[in-house]
Each structure stands twice: as C-alpha cells, then as structure tokens.
C-alpha cells in the first residue's frame, strides 16, 4: 500500500521535475533532490549546482564572504532549507527523479530474478566518509579556482562526474552528455571519469538497489534533520531484533536494527541516519506494532504494524 | 552524424585555409592598412565582480591618429530606449551592471573627415542591491545613435557566448549606400583576414573564428576578443566602422562520442564483471 | 463463630474464632482420612467452646488437603491465608514473611495492605522444612522447642540439606561423639542457609516475620538472622497463622 | 531365559499400552472441557498419530524428516515436497522406553523423544538437527542414532545480530537445501521456494488471526496449544483448512479470566499439565513465547526479490534473528517482545515454566525475573517435569499468583 503510494508519488514528481519547466513550473535552483539542470525544461534543479558555484556564473572569491553580495550565496541555501525542512528525507525516495530511475532498473533486475550484490556492514561503513570528502571537495574546489588560481575547468566538479548528468537528460532525448571532451587535459580527465563512473554506476545500480544513494551528497541533508518536523523514531523497547528493517532497506542501514537506546531509557530514539531515504520499506516489513514510526510533528505518518506487515507479505 | 562530418570538415579545413591564409592577406593588404594606426578600436579589458555584487567590464580605447573630436561612449541596456553615456578616463572606461544586463555599446569619434564607430554587445551578470551608476546622455547626443552607421552581428545581439568554430554573420547598418563594394575584415590577435561575403546578400559577411589553442587550454570562461571592421566612403567622408566581440572556446567541437561510449562500456563491464566474479565465488561451498 | 482449618502435610491446625478473638485452637498430626479427622476436631472444638453446630458461621479451609474437606464454605490457598494471618497479627506491619511448613518453605512479600506482591516457594523437597526438623528431633531425641542452644558451642558443618541424606549424616556425627548441641547448631545453620538461598538476591524488606511449626525453634531464628543479616520476629502462635488467615483472606 | 529381543518386545508393548492410556486420559480431559468443539478433532487425531510413527508414515503421502527444533525452515521442507516431523514429545509414559544410559537429570523432553524413537521403528528416517541447546546437540549421540540414520546438523550461530553469524547461518540454510535436494533427488527451484514462502505467509496471517482471538480469550490457551502442536506434522494447507473451520465455529463464551503470559520450556501434547493448572487456578494463557506454541510459525518472511539467494537469505534471517530461543548469546532483546505484548494486551503476570534439566530456560528465568519486576510485572517461575505428583504444590502457587494479579487489578 505505502509502497504503491510511494511509487505513484515518485512518478508524478518525476514528470513534474523533468518536464515541468516546459509547462511553466519553476521551482528554483535549490531543490534537495536530483533534478538535473542538464535536463532541458526541468522544473528546477539540484542544490549542488548552486553549492558549487555559490554565486551564479562565477566561483566565489574570499572577499565576497565579507560583503553584502554574500546574501546571494546564502539565498539558495535558505531556499534549500525551506524546501528541505518540511519533507526532510522524503525528498529522496518519494520525489527524487534519479531515485526512480534506480528503482526502475532494480525492478528489471527483480523481474529477471537476479539476486542483489551484497555489501557488508563493513563496506558500508567504509563508504560513509566518501560523502563528506565529496562535500569538502565540492566547496573547496570552487574556492580554489577563485582564490588560488586552480584551472577554471575544475568548475562544477561534482556535476562533471555525476552519473545523473548523462543519464537524466536521456529522458528528454538528449544523449549529448555521453562523450569525452578532448579540449584539454582537465576536461579529458573529468569527462573520462564521468563516463567510467556512469558505466560503473549503471552496473552498480543494476546489481545493487539504489547504489548511487550510497554516494549521494544530498543525503547529507540529515545534518539539518533536527530542524525538521519530520522524524523517524524507533521504540527501542519494542524491537525484537528480527532484522527485517535491515534486510528490506534498499541501502542496508544497520543502525535501525542495532539501535538499542541508552541505558534502558524509555521511549523512542531518532534513527534517521545519513543514508536513510525515507522509503519506509523498513516500517512496512517491521512485524512489531509501533516499533518504527515516521512522524510529522506529533502526527504519525506511518507506523509499523504486525497486521499490515502480515497482510502485505501474504498477499504479495 | 551530420554534425560530426561537419566538425571533421572544419578540422580538415582549418589547417588548409590556414596555410593559404598569408597569401590571401597579402593580396588584400591595401584594404586594411588603416588598421591599428588609423582606427578607433576597443579592447576588452578586465571583467570584475565587485564585493557589492556589481559586475564591471573595463575597456581600453585605442585612439586613431589625428583625432580631433571627443570620443563618445554611449550604451543602451536590455533593449530599452534610454541611452547612457560613460566618461572616458584617459583611454579607459568601465561599464557597471547591478543586474543581468544585455548591453549595446557604441564608441565613436571623428578624425578629420574620418568617422570612427565601434559597436559591441555584451552581457554582464550583475547581482547587487546597490544600483549601478548611470548617466543619461543628452538628447542631442542620444539622437546620434539613430543615424550612426555601424556593423552589427546578425541574430545574436544579446547572445554573449560566441564560440570558436561557429559561424557568425555580420552586416552593416547605414543611412547611405557605400560607394565601393563593401569588404569586411577581421582582426584576430593582430592577424587580419578578409571575410567572405554571403552569396545571397552582398552586405552580409560570414566569419567562422578558428579554434584557438590558448583558449582551449584556458578555462571555459576564458575569452579573447576579435574585431570585425570595414572602411566605407560616402559623401567625401570616410567611415571606419568596427564591431568588437568576445570569443569563447568551442563548447562541443572536441567532444568525442566514441571514446565516451568506450569509457562507459568499460566502466560498466569492469564493474559488472567484478560483481559477477565475486558472487560466482561460492562462499557457501564446503 | 468461625472456624479456620489448615490441612497441612504434617499437621492439621484448627482455630475457633469469635469475631476476631481466638477462642480455641488445636494441632494434630496429619493422618490418612483427613476429612473424618477434621470432623472429629470440629466436634472437639464445639464441645470445648460449649457451642452448637448451628453457631458455625463459616468454615474456611486452607493447606494441601483443602479440597478434601466437604464441609468447607471457603477454600483459600495457603500463601494468601498466611499473608492475611500475619497481617492481622502484626496490624499490617509485616513486609516479609518466612513460613516454614511441614514440607515446604515460603517467602512472601507483602505490601502495606497485606497484599502479596511476590512470593517464592521451594519445589517438592523436604530440605529445610518441618519434616526435616521432625526427623532431626527424632534422631537427636530432643523436642523442637529445645533446639535453642544457649551454650557457646562450635557448630558442626552439615552439608546435606536433603532430609534423607542429612539423617545419615547426623547419625554418623553422633557416632563420632560430637555433641548434640553442635549438631543442632549445625542443622540450624544449614537450614538457614537453604532458606536464605531461596530468598534469593531480592533483598527482604523489614519487618520480617517467621511462622509455621519450626518457628518455635528459636535457635533457627538466630541462625536465620545471621544468614539474612536482618532481624526476624516470630509471630504469636506461629503454627496457627495460616488457619487464622484462612478466615480473613479475601 | 527370556531372550533380549522378546524382553524388548514386552517392554515395547507395555509402553505402547501405557502411552495409549495416557493419550486417552489426556484426550478425554480435553474433550470434556466445556469449550471443546468438534473442530479440534483433526488436531487431536494428528497428535495421537505422532506417537505411532509407523502408522503415521503409512498414512502420510510425503516422506517424513525429523527435526527437533524450529530453526530448520518449514518452507524448505515444503518446497522439497517433504513432511517435517517435529521431534518434540510430551508423553511421560513413553519415557519407559528411554535408554537407561541417559543422565539422571536429562531434560524430560529429550528423555521422551529417545523413548519415542525407541518405541517406534524409525531407522532410515532422516533427521535435521539445528544445534540449539546442549541436549539437542547431544541427543542423537545419546539415543544412538549416529549409525542408524542420516543426520544433518545445522550449526546454529549463537549470535543473532552479527553479520558474520548471519552469513554463516545463510550458509547453513544453503547447505540444508542441498541436503534436501540430495535426499529427494530433485532440485528445489526458486519458484517452488517462492510458492512455499507465500503459502507459509498466508498460514502466518491465519495464525495472526488466531492469536488475536486468543488475546481476547475467545480461543483458550489449551485449544491454541493443540492447534499449534499439530502444525509441524501436517501439510500446511490441510492445517490451514482445519484452522479456518475451527475459527468459523468459534463462539465467544464471554468469560474473561485473568490473562497471563506463559513463557519458558516447550509445552507439548499430551503434557498440558501447566496449561490446565493455570486455567484451573482462574487464569487464562492469552499469550506465550514458547517454541511449540506461538513461535512455531516464525512469522512472515519479507524477501528482497524472488531469486533463490534472496529467498534463502530472508528465510535464514527469519529463522535466526526472529527466534528468541534462550540458547542465543545476544538474546537480551527477547524481553522486548514479551513486554510489548504484555503492555499491549494489559497482561500483568508472567508464568515461567521450566522443565527440570532445561538449563537455558532456567538460566534465563532469573534475568527475566529481575528485568520484568523492574517494570512492575509479576513473575512466577515454576520448575517441573512431566510427572503429575507435584500438581498440588504448583496449584498453591498458581492460586496465590492469581490472587496477587487480582489485587493489582483492584
């Protein structure tokens, strides 16, 4: 049930984000999801573009930080927060077009009865810092261009290697991002990396559900989760440790399963982690009533129920 | 595919034309001897982002010999009728923009019987809350613009991203018919080349800027400027007209789709192979 | 007039109560044919109190044989009866009650209103129970009331708390010529240890009372106080608390 | 001199008669119960048949495989076309046949199982043993089965939350599947497996309905025990049909007793001593976490995709992490499910049943007691075995426990 609503929402927003611009929808350039600016006629695009440029057209010199022009750096961020806060991680699994693309591929794999590639908790944990490294580079490289004389072709470093950039424009019939740009060594380096990474991610997405989300920078939105009314709570004293949540999680989050709370403190613990996509697969497969709850302020969006779980899996 | 062929054609043609170029220039030398010493022309100098968010573009003005008149600088913004003037500070002046502005700029003067007009278009992406300083031109001055003969770039007055390898069409706007057949030349990094006239319209000239190695090596925002100029005679007056514009490196000319496909397939196959090999290892066997 | 009967495993205890005043009590050893035995006891009681059958308002029965008595008007389990009895006798001061019955030991925790909050009971084994003392008293030829050791004697260590094995152990100790009182002290200590282990880790809330037949053995109470590290009080008429409580348990 | 074999035959005949008597006594007890309904007959019939394995095999359309614990996935048996036979026995009489070399403090269940196997001609019936408690691990050796039959051990990792143990267990499930395939000579395809998984999910949904009825005391603890005890000896579809019939015929008597949670060692037909004593003491077992009752069905299997790997992984996980067998080392969350059920259905007391010699449950009792009492839940541990003689002692405690529960309700 919830899964179907989610798929419906994903498709609606896919159409809105990818083609909305053609119908006059403009949602700005600070969306907390992978709506790609390289898609012509998109209804607004990913915040990472703004974050890398920090100022439209140019990288930001240090002096701008101490000037009134800095408001233009802050404005997209404010917009990003305004958009992000009410929905929080729901942006990922319910709205993000790239997430839907990955789901389609996974659907094909599941239809073919090909099993998933398993990633151990250790590998997952080792991959966790990658996002932070990427975020640091994303901010440091444009600063280095503006202030330290780094070659300007390093601009938009993330977009240049992001697999969504070649893939998403395909849905508007645009294949022009599949090339290696021979202009100079920097562009060759970036575009070649982009092509290889796209190949790797296409294979990765095929063999591992939502493989790209492991590296998705927007997942770092969880840094602001405290500000959001959206909560994912676990009633640690209800959990029997069956591990369904971890098993059904598309990104194999172990924290929800292993969270035990602190020293017998009663009540709910926040278990929204950086990788969480808000897809609610875990809640759907949790057999304990109210052990996992998605909340918006105090309103329960969806909480686990044995009856729901039993019914869902026996009718599947 | 057609696009590709076209690109290869250019890649082949450029060196061919390049090797013949010097002879052609020699042949037409008489037509452009006034370049530099006898002509008003503009040079794009530094573009700067100011801490308050304004953007400024500075120009250096190269004066013609025997200049008698004052050099006027007039511009219009975003295709609006207001005409602004900018004072010249020695040989430089700067235009400020507080918002994204498409600017149409004229610099002109008179040296004896010779009228000099330089025209250019550009876009400045200002983003500021403090208004850029503007001085409205006197109506008499502004009225000149209407009759001022000038070269213009056909069809792309506000499009600022001119790239090497992509043909640009120039034409002429005058209140009179020039006496002689019109010839356009282009000054590209002190090399003067004549432009071929459009076969259908003798007053339209096509210029395909050749790829520039330096631009290729520099970043995608790097620019150089070229000037298209001509000399007209009418009513015992000589008109030296120029159009200066900025050129970026070609965006798409060097894109190699075959190499891209190979890299993509390589990445896919290597990763998929690794996954399959890894899972084929039966860790559950005794 | 109400009658409370505790049909235990070793003794049948009977009390006659007028309002809340105990007017007659008796204990006899349990024998086969409990039902007729109880009837006989009631007749004795009626005679002693100069009362008629019609004066009996209520007959409350508890203990192992409680379901065998046909004339009962109320049947109560002995844990609840015991709790009610001790609450009545101590005006609700008791928090913990140790009952040593004929064949079991119970530790009962009570709240302010005399309700049972928790209890422990040994499994089917005579170790540390009245039966055990009975056996010891027989071998040593000493009544239970004299198990209190005044002299300062060294306690002998008795390992077996199983009634059967302890018996042979005591006999062999006697054969070695060890003094009777050393053995008695040893028995008391062994039983106290056994009860303490039943009480378990849960600390016992004071005030602690003890009842049941072996509560007459003040030596055992001393040993228990030692083992549990707290004061223990003996209920008045320790043998009859349960029978009395049967009347007042709700 | 009487030859050994004929002496054995005499013993066998006598034991069979004793078992028959025991079964009849227990069955008539159940049948005379006021809320007995005829729709329970199929379950009783199956349970009675399980004591006479030769006849059971004759009547069964599928080959049978013994398994003592609940960790061997029932879905896999089903997908292989085999009938699991749960080696759990609650008969006291059958202990007469138990080998004499069993240790004095043997778990009564193991003693009975050994007797049951001795009493019947069971040579050649394969056996799957998940290595749960020490008794289960050692019993095949004690019962002298090593030479007689094909035994497949599934080494159960005693850690539930570690990834490495999950992998090892997944491995064991994979090997178990291979073993089943070898036994039947037929491959288990993922589509067969998927069908079985779905079937058991449906069974669990039905079970869930049954549990909810039980929580409302419409189904009594005894009825429930019968139904669940009978499950691992039957084709699941037949069982489901029988349960459906039972549920349809149910009538709410309206009687509500004090609800208690029963936990601890397995309760198997015909040893319903604890259940009937609790009921007689005025309480109703509305919930439990006993592996022959509520934990017989481990729950719905949630799988990622329908590939064999994913299905086996999901099954492995379901029969491992979802299990709260006391033999697990990291079993501290076992209390969560219990407390959750207690709170949800307002049950105030837990009765913990320990079979004498069942050490894992005995060890767990004290820990559970401490933690449950912290939460204000009454706890009563009762240690007993299959004999009837200690009933009076237990009844005394149960009645007093009932009183303490009633006193908190007031």
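As written, the chain order gives the labels A, B, C and D, with residue 1 at the start of each chain.
Everything that follows uses one rule, which is that contacts are C-beta pairs under 8 Å (C-beta built on N, C-alpha and C of every residue); 3 or more make two chains touch, one makes a residue touch a chain.
Model, not experiment: these values are computed from the prediction.
Enquirer: Please work out which of C-D and A-D is bridged by more C-beta pairs in contact, and write that pair.
Expert: Between the two chain pairs, A-D has more contacting C-beta pairs.
Enquirer: Just to be sure I understand: the centre of a chain is the mean of its C-alpha atoms, right? Then which chain's centre is nearest the mean of all of them?
Expert: Central chain: A.
Enquirer: Rounded to the nearest whole Å, what is the centre-to-centre distance of chain A and chain C, using the mean of the C-alpha atoms as each centre?
Expert: That gives a centre separation of 72 Å.
Enquirer: I'd like the Å distance between the centres of chain B and chain C, where a centre is the mean of that chain's Cα atoms.
Expert: The mean C-alpha positions of chain B and chain C differ by 113 Å.
Enquirer: Could you work out how far the Cα centre of chain C sits from that of chain D, in whole Å?
Expert: Here chain C and chain D have centroids separated by 40 Å.
Enquirer: Could you work out how far the Cα centre of chain A sits from that of chain D, in whole Å?
Expert: 46
Enquirer: Please output the residue numbers of chain A that touch at least 2 other chains, ranges allowed.
Expert: In chain A, 115 touch at least two other chains.
Enquirer: What residues of chain D sit close enough to touch chain A in their complex?
Expert: Against chain A, chain D makes touches at 160-161, 163, 166, 190, 198, 201-202, 204-205, 208, 299-302, 304-310, 313-314, 317-318, 321-322, 324, 333-334, 336-337, 339-340, 344.
Enquirer: For chain D, which residues count as touching chain C in their complex?
Expert: 366, 370, 373, 378-379, 383-384, 389-390, 392-393, 395-397, 399-401, 403-404, 407
Enquirer: For the complex, give me every residue of chain C touching chain D.
Expert: Contact set of chain C toward chain D: 64, 77-80, 104, 115-119, 121, 123-124, 200-201.
Enquirer: Would you mind writing out the residues of chain A in touch with chain B in their complex?
Expert: Residues in contact with chain B: 55-58, 61, 63-64, 66-69, 71-72, 115, 117, 151-153, 155, 176, 178-184, 187, 191-192, 195-200, 202-204, 206-207.
Enquirer: Inside the complex, what are the residues of chain A that reach chain D?
Expert: Spelled out, the residues of chain A in touch with chain D are 109-110, 113-116, 120-122, 209, 236-244, 247-248, 254, 257-258, 260, 285, 287-289, 291, 306-307, 309-311, 313-314, 316.
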